[in-house]
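Worksheet: one structure, shown below.
Chains: A, B, C, D, E and F, in written order; residue numbering restarts at 1 for each.
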Amino acid sequence: MYQFIYDLTGNVIISTLVTAVFPLVNVLIVALIGVYLERKISAWIQDRVGPNRVGPFGLFQTVADFIKMMQKEDATPTDIDGKLYNLAPVLVFTGCFAAYAAIPFSSQLIGSEVEVGIFFILAVSSFTVAGILMAGWSSNNKYALLGAMRSAAQIVSYEIPTALVVLSMVMLMGTLSLTKISEMQTAYFWNWNILGGATLGLSKFLLIPFMIVGFIIIFISTLAEVNRTPFDIPEAESELVAGYFTEYCGMKWAMFMLAEYGNMFAVSAIVSILFFGGYHSPFGYLGNSLGINWLIPYEQAFWFVAKGWFFILVQMWLRWTLPRLRVDQLMSLCWKYLIPYAVVNLVVIGIISLL
Amino acid sequence: MNYYDIIFYIFALITVISAGFVVTTRNVIYSAFFLLFTFFGVAGIYVLLAADFIAVVQIMVYVGGILILLLFGVMLTNKITNVDIRTGTGHLLPASVAVGILMGAVISIMVYTDWKSQPVETPVTTVKILGSLLLTDYVLVFELLGILLLIALIGAASIARREKE
Amino acid sequence: MKTYFRNTWLGIYTVLVGMKITFKHLFTPAVTIQYPEVKLKMPDRVRNRLYVNIDDCIGCDQCARACPVSCITIDTVKSIPGEDLGTTSNGKKKALWVTKFDIDIAKCCFCQLCVFPCPTECIYMTDVYEFSEYERERLVYKFSSLTEEEVNQKKLNLEKFQAEKEAQKAAAAAAAAAKPKPDAPAQPSAN
Amino acid sequence: MGLLDKEFSDGNIVIAPVEDLFNWARLSSIWQLGFGLACCAIEMMATSMSHYDFDRFGVIPRNTPRQADAIIISGTVTLKMATRIKRLYEQMPAPKYIISMGSCANCGGPYWEHGYHVLKGIDRVIPVDVYVPGCPPRPEALLEGLLKLQDKIRNESLRKKSA
Amino acid sequence: MKNAEEIFNILKDNFGDAVIALDKDTPTEAVITVDPLKIHLVGEFLRTNEDMMFDSLMCLSGVDDANGKKVKDADGTDIIEGGTLSVYYHLHSVSLKHKITLKVSAPREDAKVESVENVWKCADWHEREAFDLVGIKFLNHPDLRRIMMPYDWEEGSHPLRKDYKNPEFYQGMKVPY
Amino acid sequence: MSLKTETMVLNMGPQHPSTHGVLRLELKIDGELVLDVKPHLGYLHRCFEKHAEAMQYNQVVPYTDRLDYLAAMGNNWGYALAVEKLMGIQVPERVEYIRVIVAELQRIASHQVALGSNAADIGAFTPFLYLFRDREHILSIFEDTCGARMLYNYIWVGGLSHDIHPDFVKKVKEFVSYYKATIIELDNLLSYNKIFIERTANIGVLPLDTAINFGASGPALRGSGIPFDLRRDDPYSIYDRFDFEIPVGKGLQGQVGDCWDRYYVRVREMEQSLRIIEQAIDHIPEGDVQSAIPKRIKPPKGTVYTRIENPRGELGYFIISDGNTNPFRVKVRAPSFVNLEVLGELCKGHLVADVIAILGSIDIVLGEVDR
């Protein structure tokens, strides 16, 4: 992506900026469509119809929400810590946005081919934690503070099972680069990691159950990292009103929402890269069979986005099915269940990969 | 001066200024958040040195772990946010003398060292080399550190679990 | 250890069961009534906005007395013998001018207690439920068909009539023993 | 932020299309602060449920006043509660709207006469945009009240501050 | 199962003068009148005695009997002077399935009744309510505050008394319609 | 080493998403641990008892609707029973049958809201909507019958305001057969969900003796394992003719008397209500529902206390009559009011999130708590 634009313009700054705009647009689109879909899916699950009066099928609902939020008064409580209060949404959004730098949308469409891609994404997500703590603390509201504490504790602990599963995958693939991980699971779905990876042999079939376990663990823990039900206790509305962003309104609140939906897509992308072949098509490429080479990156981008959205849909589906856990149960799920399973999984995968 | 220099100076400025604030600001929470930016700047400089793995680990460990822990501690102790930390003027003199000596030493080293400025080819990926080094040459240190961390973990857990009197 | 694996299994299994149910519902048609476009047919006994057919009202004040909320205010003026007020639809003869029949629908609790005692069935609950307003004052419904002037006229008429009667009575009393005079027109009011 | 923090001055700019757009956005996404007080609250909940589906109109319940555009006062407001309502109303960022739902919120309803502890009409504390009568109003009646509110917003002008 | 008369007799044997009368005139239920300052002892006995086992207090109601004489005070408003305030206790035994109603009466001006909070826990809020709305003071109650009305409601005004007059304003809000 | 921690006071309500109305809870918390809960009531004190004194006997009925607005039928019935007992009225057989059917339907509708809001508090939003969806069936039956969706003013002293609608029997039968299948779905979606069980089992355990001493009643008492139901233990109307079970908490997922037990008792109670309706619906005798309504309600001097089994527990009306057309004193023994008292006891030592689960499982209606 960067290289392509650099070739086109020949200017480092312009090409950097253009490359950076791409994920921003993506986050916006994900949020706009995501909120709409969330409302529609919750409606369908609950035998309702959902927004349908703003534009055809209510398609412009989120647009209207967005425009409305822009014109809301920026009411701030009196006893807040102004600087941190204003900085917090930016920081949260940065954490989400930075992650997009390393996500390969297709073999061509990638912000930066960092060698440590997956680690980078795990690392920058900690900015989100700092932002959340900042928001909770500066709001001078007990609910917000409690929500922020819960959220930070949750994200920090759930990073461990995520990292453990990522570690097992890294061990198997021998690289940290998301592009390479995607590349190694060549097209066709039977080559995906969830089905044992591209290399044929005994180990492929031995791996499958452990891959599924790994997938479940990382799916659950990323769900927790983006604070989705059943792990949405930081913003548990029945307990904490709205958690750490209780006191935020208008665009600042919108930034939290953008970050949330952006993160949802990011973690879905990670899951699909690690286990579901990343940007690879499950059935081979039209471009290959037709002999149109330039089509392939677009097809890849399509498949990648499709996979990302699929997991977002699953997240929404889960959200509208399950109750939420309590804060200590959340921790015990992480420390007593996910981490032991993940460690065992790691060891077993290590042994199998040595075979 | 090319783009990288500009970026370097930006990161350096972020690091130095926010480090200054960490020390001088009277609000503990503010110091903690400025520390965040210091870490961020340092990570940026690591990236410019082509040590991307270290940079990422820097952010992951220091921002994601230590800083959050720090913030937790500060926020949980309710009242500390309202108490100004005393930056006692009485100790200003000995402190500045000590810092001055240290600074002098550092600057003299910087000035008198015979710096070789020849371009070194940066390794494509530091991760692999790091990994193999850790498990071959430095395996003893690595293991020792691991044991140390384990002891710390167990100790912390046992303290935390002790019944309240 | 056994419970540990059991918990794991139950956790996953029950979540999947739940997901199966919600997935099924994803494709069940919605039950929503698309309100402004589609409106339900109200059942015949539905209790919504009160309506008074003032032509049938005889001003007996029974509804106002039955109302637990006292949201009905009725003022009446007696008619004088010469006036013909007509009859109600079920043949009752009207004897009072209903000068004021106000229902403060904002206070109404829609209990239907006022409907039962009405002898002419002129007050009843309709199926109109859409009557929100921007101003509170507009929720006070005035059902009396008489204008202010007419009301004044009626009052004047009555006064004149009573004065005449008084005069006659006085004359009669002068002639013979006086009888107790009729009282001023009843002014029952709920509050 | 908040584009409307500064009022537009009269004259100079032709802002009609912008105004229309803004009004459209505002009326299509009225997020309500769930303010269930009494019996009407159940009908308000029923309105958000499958059969009537508030979400069709873009109304979603928010629990914090900061993110809400409208309060639906549904139920009897007691004197003890009135001060809280006022405070919550003040916490909401403008533009904000109020729907008074049901007899009790309109004027004390059945409790207007002997209710020594009932506030007789929420309009004594905060300004009301739409009164929805009923005890409790049918969900459709509340929806109609919402449509009325939308009509009101549609004709608003940016030049003078709303509500 | 014991009927009201038997219960009354047992109580009379045990408490003597503290149990004042048995009123059987009401068409539906017999009421035993008890001394307001001994009610907690009677209650404790009723709860623990093996023949009684009244382990559940169904209801506790404070009542303004309005049996004093109506007079006008200095401002010309009607008030009631003298007479009594009463508390009714409806007891029920889950195990023996019998019921009984107790009643205590105390003078209106200084109504004091012993609390039964430590006999039946659920009396706590009922008694607070009776205090709040009728103005009966319960001695030895752990937390006798207003419960329904705001804590800063006019001192000494109890809405369920028959001669209650509403204040004009509360915290700047007009109270009457 | 001992850490000195500071307690924090968290105000939940009066306007809070999960206090089921306008209850204010003052939580004293240590971190997330609840040390003490102090409920503050009265935010919905609508002066029912004062109103009742100012009304005639039949005018009080609409106000009783507004006490427990989720179970208005039961409230009407309790009041009507009390006045009937005072006046010695015997209501016709047909009225009794219809009253039983509508009261049981109302019990189902009320439990649906209770279960739904309990689930929503715990975070499961979809079951909440499913339950409300099914509640609409009942409301539409009621609306056909008496014209109102929620506050019916249907059961009058001595009779009913309207006879049943011609479609009533058909619609009720349809609902019964539909809902029998739907309860199974609810069980699968929510009752046996592991997360839901984790959230509610072993939480807020209410031991039996505490429950009785606190005067708890209804599902809150039965959840503690005693089959005490006024329909069986102090029969009123014609409940002794029907065959039904009284579900009690058995501690299937944890201890007896925990939140899950109280929840589960309600689910099973809905099934039993369906059973009662099934038995009653085919045997409604012919007759006039208004024949026993007195022209003028003027009971003799005296006091009466009657109680019925409302969805939330024992609903008692204590009426003192001084022989006038207005009651002298009406006191409502509201089940929620008494059940709520136990909250402080239940919450101690639990987490903040549990307070909500416990409150949801007690199932209060503030209109009734504050009256």
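As a convention for this text, contacts are C-beta pairs under 8 Å (C-beta built on N, C-alpha and C of every residue); 3 or more make two chains touch, one makes a residue touch a chain.
Keep in mind that what you see is a predicted model, and the values were worked out from it rather than measured.
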Comparison of A-D and A-C (more C-beta pairs in contact): A-D
Distance-maximising chain from chain B - centres being C-alpha averages: C
Whole-Å gap separating chain B and chain E, where each centre is the average of the chain's CA atoms: 71
Rounded Å distance, chain C centre to chain F centre (Cα mean): 31
Euclidean distance of C-alpha centroids - chain C vs chain D, Å: 27
Length of the line joining the C-alpha centres of chain D and chain E, rounded to whole Å: 43
Residues within chain B bordering two or more other chains: 76
Per-residue overlap in chain C, given as positions that touch at least 2 other chains: 7, 11, 15, 18, 21-22, 25, 30-32, 34, 68, 109-110
Residue list for chain E, restricted to those that touch at least two other chains: 148-150, 159, 164
Chain A residues within the chain D interface of the complex: 39, 43, 46-54, 58, 60-61, 63-68, 70-75, 77, 237, 241-242, 246-253
Touching residues on chain E, where the partner in the complex is chain F: 25-29, 31, 55-59, 61, 63-64, 66, 88, 90, 94, 97, 101, 120-122, 124-126, 133, 146-150, 159-160, 162, 164
Chain A contact footprint on chain F (complex, rising order): 8, 10, 16-18, 32, 119-126, 129-130, 133, 189-190, 193, 195-196, 198-199, 351-354, 356
For the chain C and chain A complex, residues of the former touching the latter: 7-8, 11-12, 15, 18-19, 21-23, 25-32, 34
Residues on chain F engaged by chain C in the complex (per definition of touch): 55, 58-63, 65-66, 126, 133, 136, 140, 143-148, 151, 153, 161-162, 165, 185, 188-190, 192-195
